[in-house]
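Several structures are given next for inspection.
In what comes next, subunit A is part of two complexes: it sits with subunit B in the first one and with subunit C in the second one.
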Partner chain A sequence: MATKKRYGFVINVSRCIDCRACLVACSVENNVPMNHTRIWVHDLGVQGQFPILQREFIPWNCMHCEHPPCTEVCVSGATYKDPDTGLVLVDQQACIGCGFCVDACPYDVRYLDEKRGVVDKCNACLQRVEVGMQPACVATCVGGSRMFGDLNDPNSEASIALKNATNIQRLDYENGKVDTDPNIYFINSEALGEEVVLQSGILPRPPQYHLEEVGWKKVLVPAVFAAIGASFLVQATFFTKQLLEGEKEFEE
Partner chain B sequence: MLETKISRRDFLKLGGAAFGALTASQLVAPPVAQAARRFIDDPNGDGYIPTMCEMCVWRCGVKAKVDEGRIVKLDGNPDHPHSRGKLCARGQSGLMNTYDPDRVLTPLIRVGKRGEGKFRRVSWDEALDFTAEKMLQIKEKYGPEAMVFSSTHNLSQVQFENLLNGFGSPNYGTQRSLCFNAMITAFSLTYGVEEPARNYEDVQFMLLTGRNMMEAISTSETSLMVDAIARGAKLVYLDPRFTKTASKSAEWIPIRPGTDSAFLLAMINVIVSNELGDCEFVKQYVVGCDDLPEAMKEYTPEWAESITGVPAATIDRIAREYAAAGKHALAHPGWRTSNFINSFQTERAIATLNAISGAVLRPGGCLDTESPEASSVPLGKPPQPPYPRISALRLDGVPWKYPLVPLKLGVFQELRDAVLSGKPYQAHGWFISRQNPVLAIPDRKRTLEALAKMDLIAVVDIIMNDSAWFADVVLPEASYLERYDPLHVVDGKIFIRQPVIEAQGDAKSALMIYKELGERLGLGDYFQYIDEEDYLQQQLAPLGLSLDELKVKGYLDPQVQQEEPAEIVFNTPSGKIEIYSETLANAGFSPWPTWVEPPYPKPGEFYLLTGKVGQHTQFGTQNNQLLHKYEDPPFIWIHPSVAQERGIQTNDWVEVTSPVGQVKVQARVTEAIRPDCVYMTPGYGHLSKGLRVAYGHGASDSELHVTYTDPISGGQALSETFVSLKKA
Partner chain C sequence: MSNYKSIPLEERRQLREKKYKKHNLANILTHWFNVAMWLLLLPTGIAILSSPRLGLSPVWWQELYRNIFGGTANLIRFHYTIGLIWVFVITFNLLIGFRRYFVPFAATRMLLDKDDIEWLKIKPLQMLGFQQDKELPPQDAYNAGQKLYSYVVILGTLGIMLSGIVMTFNTIFPPVLKRIAQPTHWVSVGAIIAGLMIHVYMGAVFPEEKEAFFSMFSGKVSAWYARAHHEKWYFLKLQEEVEWEDKVESEVREATEDRQLSAHPQQPG
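Coming up: the complex of A and B.
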């Protein structure tokens, strides 16, 4: 999908020292619950036999795919590819927390926030980017491994790093039906081979399309919308009631 | 194991039993309810307040984002040379220290037995009156020297020292002998500077002797080293462990523990016997250069191979590569160098390598022999009278037992042992500020025994650390985001730590705690300031600078002209770099860097190594939930061959036994360690039930460490403890 900007991440793998400043920064900036994380540093582990050893760390997060499988399955339209920034975003006001997108993502970057009942994921700290700052993970990256910028702009830091890279890899997921075309570029890695896997070989994984697979789409989608409508009505009633009572209290 | 696990139910039972008193579980103040709603003015109007980090001692600049009186994010301040816009994991987590649900927010006086965790909430007046009264009783009965004061290096140290010196006690415990005594003593003797700064701009070759820069993170220095590697500088790294720094090095040398100095002495031998050093510089500025080849004669690479296990050819090659880089080669001085009795000699050898390569030469030299903290910015301070004369001996043996240990470094472990032995006299009170001796000093059982002998234990901290858990009175300090501290000068600029939210609960700044206690002790003249702002204004007065402007910008540049000296002069007796040290010779030690044989483990025993991780600072951050979230489980590292022999697999529980203690800890079987070593991350195995995240998590290395002290530097030798392993 062609977007005005194509925000993406360039990760200089050789510079990551696994200090995890990015992980903490992201958790704080985005109020991520203690049992979840939006971003990761994947440890390839100590490779080899003492004393000939090697170890690399791969920082990663939502790939902000050009063809994201998550948007396809979203029944409420909450998950979308933003035409301005190119970022894959969740409108949490619209999200009903059905979790289909969580299963559809080949990279497992989404989680269901049980408390709020909505799906959450990396939004590239759009709230910071909009005011001219870097995403929290990038701004604080001690090794200078994480970079972010508009890949449509040849002069962005990310584009320049990509141009000067000794090697470039992506975690594209392609299976005939899907080609995610991710917007994270891993550069300057010694250990990352042709077959890149994250999280002990689990990722990327085939997307799971609940709706198509079980053929419930026709039944489920209207049902879901009916449910949203109903819950909205109930909420609205309570809200109005609260508002009125609140005002009463205020008057007293 | 000393600690016994208690279940949640026991915990509550404990609470029920203590009628009218508080247990740890009740100390907890809900952070949101307690969060102050008195807003601090937003000086820039952009929602960010500049201040300074205190998650370690590097002191990065911070920009704190505050929303309606609540801190929502911390960013590195781009204007501060230590942060350069970045914060490490600990710095990023700093607001969780402030909002830790286990914060102590009111003064507490113990009501149960020591270590039972029963306290009652009291007013500041009651807590300070109680503390002062007890201290004065001790002074009257046993003399002022019977009070021990200890504190870990921080910005309000100046006023802490007023408390100690004004009171008249010579007994000052710092963390330094457990950390960097070997490095500081060696560099002070050789260069006349405590800690030379490193210059990475022109570095081409870096030799790190156990300096795990990618995990023992100082934000700017770590960043600069990664930059240097990316630029093509070669990193050679000596460490028995394959750390994250090893994974970034061009060459990792898993040297036999305790033999670093043999490796380095052989490098010196190669360089001087082949005349590969900067001879012109050496002749002009170095004492002992003529005799150095003779003094190093026996330290051949072949000799070193037999000791270190590193091939002679490798040592020879590295020495030549190092020399070829000239002043662009950096032999890093290191930091926590409390490893072996001979670590002082390792540091002397590092100092020598930097001398013969001309690393102190400008421009482009890799070592600045001016201390980075040194400044000619003439800050003022409140007036104060001279200290009373102190004639009592120091309990830590400086200088009567340890003649070369700088007074301000001291020998903390010796102080603890003197409390136990009662010699040369018995201490009766211990005032502890921002420090956790229970976990910090080796041989925890002995530290607990020493505390048990005290008539008074007073602790200043923000949480119920393990020493506070055993205290009689706990004085709650405001966190670094809630208080002012004295100003800090870096690179000629003055930086401020200022509150970004009002202090929660009754917490107070150390400046005010020390002052209010000092006044009760009759020491008011040493605390001539009205409040924190007045203190800072008195500091700025001679420069005619405005505190308001400093608060807005976070720093001020007083534009003090730093004069470059025309000639390089070193602050040593000879004014030169003293590879040959007359001072050492006069004290009866070898005047040359020299080989001192370390002890080796017997078959079936292993070196117990400890070191840093990037997610924690010493013994104080394990209760921080954000750091807990992203830490590695604190498992003991064991080489696969050793694990296999004992039927140990990753996650299995292992019994680790040293001459002084035993712990149970889970195993991480890994190729990343020499077969003759095991490794534990320090700072775990907390005893305080007032730390609900950290209590009972992991095992304590100080439970295992034996106390061994270097007679020259006073440094503790942490890696000389040998342990045996058994599947639990």
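Coming up: the complex of A and C.
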């Protein structure tokens, strides 16, 4: 989906020290309940053979995909890809909290807020971005691992960092009709050269679709459309006949 | 058997003049209230359904309604509000008129009998062009097709209302109910729409049933229409009329006898 701006994150993996200040900053900024988070840092553990050892941390949050599978399943359009900013947002006034999107997300970045009965996720701190500030996680990142900006604009910080990097990787999920095309670009350690570090196997996972939604799509839609179609045909046949034959008075 | 075609001209004229009451005011008002609410709820409901995976409504339609109402949340709020009014009024009418209108209606006009089963066997084939020589069995106030559709409407309405309430008050229901409510809502509407196309066509456009349309305003149909399309009901009405005539006659007879008695009191022996 081509959008005016394409806000995205660029994350320099080698600069993340797993301090998790971004988690705290995000939760404070966005009033995230204590038992949830919108942002994660995954520890890959120690890798390599002694004496060459490597330890990486992968921070991630909503990838604001170009083709998000989560908006595909939302029945009411409460979650959508914003055509202006390119962010994937949730209109919580419209959301009924059914949870179809929570399980459809290959990156598992959505959660169901039980208290409010709505789905919540990273909105790239749109309230801050709109007034020219960085998202809370980016502003607070001590190692300068996180960068944020309009990827359509070649002069944004994120675009420049991406231009200068050599070992770029995305956690793309591609399977059949689903191709997420995520907007988080990970810059891997230069020391590793061509080797790719993000092989955790945790992300992405295949999108999960609920029986209610799949059954609706595969069984109920054809059945109901067949019924409505048949009914329409009957009605249309009689109507055409009526139009062709004309109406007689005193018929009733 | 419906042999109304052999009724001679003079009698037909008389039958056309005579009117029978088919619908009471409560039914007429509830019917048109229902129509108004459906006209508001159906387009907005279709506009809300925006999942590209399901692909149930055209994008221009979704955008049109989101623009009219100023966003998804407002559109849904409107649908909620009208829906709640609909649920409240229909439930209220049903509860108020349950014993007086609904129970007799269900008992006398909704149950399928042997003739109805026979009708259901013949009519679909006739519509497809077979068995044109066969005669349709006589029908009640509602024919077998209408009776069947009434079950679809009642169950569908119940499904729409319950699932709609779950989705409207989404903060108090668990997610699994909200997930089931969405396809339930859609299927209930779909089932009603499938019948509704025939219902609207037969009721408002089809020439032979023209009286049915006007009866939804006046509540009355002509005896000729009743005789031709709802024979059993017509004879029921006729029987009621004869009973009423008998009652009036005996009433008049008794009253005149009483007056004669009081005018000429019998002298004691």
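Following the convention adopted for this analysis, the second predicted complex is superposed on the first by the 196 of 252 C-alpha atoms of A that agree within 3 Å, B and C clash if a C-alpha of one lies under 4 Å from a C-alpha of the other, contacts with A are read in each partner's own complex, and residues count from 1 in each chain.
Heads up, the rule we're going with is that a contact is a pair of C-beta atoms (placed from the backbone, for glycine too) under 8 Å apart; a residue touches a chain by one contact, two chains touch by 3 or more.
All values reported here derive from a predicted model rather than from experimental measurement.
Novice: Contacts for A:94 in the overlay, against subunit B (first) and subunit C (second): which applies, first, second, both or neither?
Specialist: Second partner only, subunit C.
Novice: Tell me which partner A:28 touches in the superposition: subunit B (first), subunit C (second), both or neither.
Specialist: First partner only, subunit B.
Novice: Figure out whether A:117 sits in contact with subunit B (first) or subunit C (second), or with both, or with neither.
Specialist: Touch status of A:117: second partner only.
Novice: Name the contact category of A:46: first (subunit B only), second (subunit C only), both, or neither.
Specialist: first
Novice: I want to verify the contact counts: of subunit B and subunit C, which reaches more residues of subunit A?
Specialist: C
Novice: Of the partners subunit B and subunit C, which touch A:20 in the superposed model: first, second, both, neither?
Specialist: The first partner, subunit B, only.
Novice: So, does A:73 touch the first partner subunit B, the second partner subunit C, both, or neither?
Specialist: Touch status of A:73: second partner only.
Novice: I'd like to know which partner A:144 touches here: subunit B for first, subunit C for second, both or neither.
Specialist: The first partner, subunit B, only.
Novice: Both subunit B and subunit C touch subunit A; at which residues?
Specialist: none
Novice: Considering only the defined contacts, which subunit A positions touch subunit B in the complex?
Specialist: Against subunit B, subunit A makes touches at 12, 14-15, 17-21, 23-25, 27-29, 34, 37, 46, 48-51, 53-57, 136, 139-144.
Novice: Spell out the part of subunit C that touches subunit A in their complex, as residue ranges.
Specialist: The touching residues are 48-54, 56, 62, 66, 71-73, 76-77, 127, 167, 170-173, 175, 178-183, 186-187, 190-191, 193-195, 197-198, 201, 205-211, 222, 224-225.
Novice: Taking the touch rule as given, give the residues of subunit B at its contact with subunit A in the complex, in rising order.
Specialist: Per the touch definition, subunit B meets subunit A at residues 72-76, 85-89, 91-93, 95-96, 214-215, 217, 219, 222-223, 226-227, 230, 242, 244, 246-248, 252, 254, 614-615, 625-627, 629-630, 639, 670-675.
Novice: Can you name the residues of subunit A that touch subunit C in the complex?
Specialist: Within the complex, subunit A contacts subunit C at residues 71-78, 80, 91, 93-94, 96-100, 112, 116-118, 210, 212-213, 215-217, 220-221, 224-225, 227-228, 230-232, 234-235, 238-239, 242, 247-248, 251-252.
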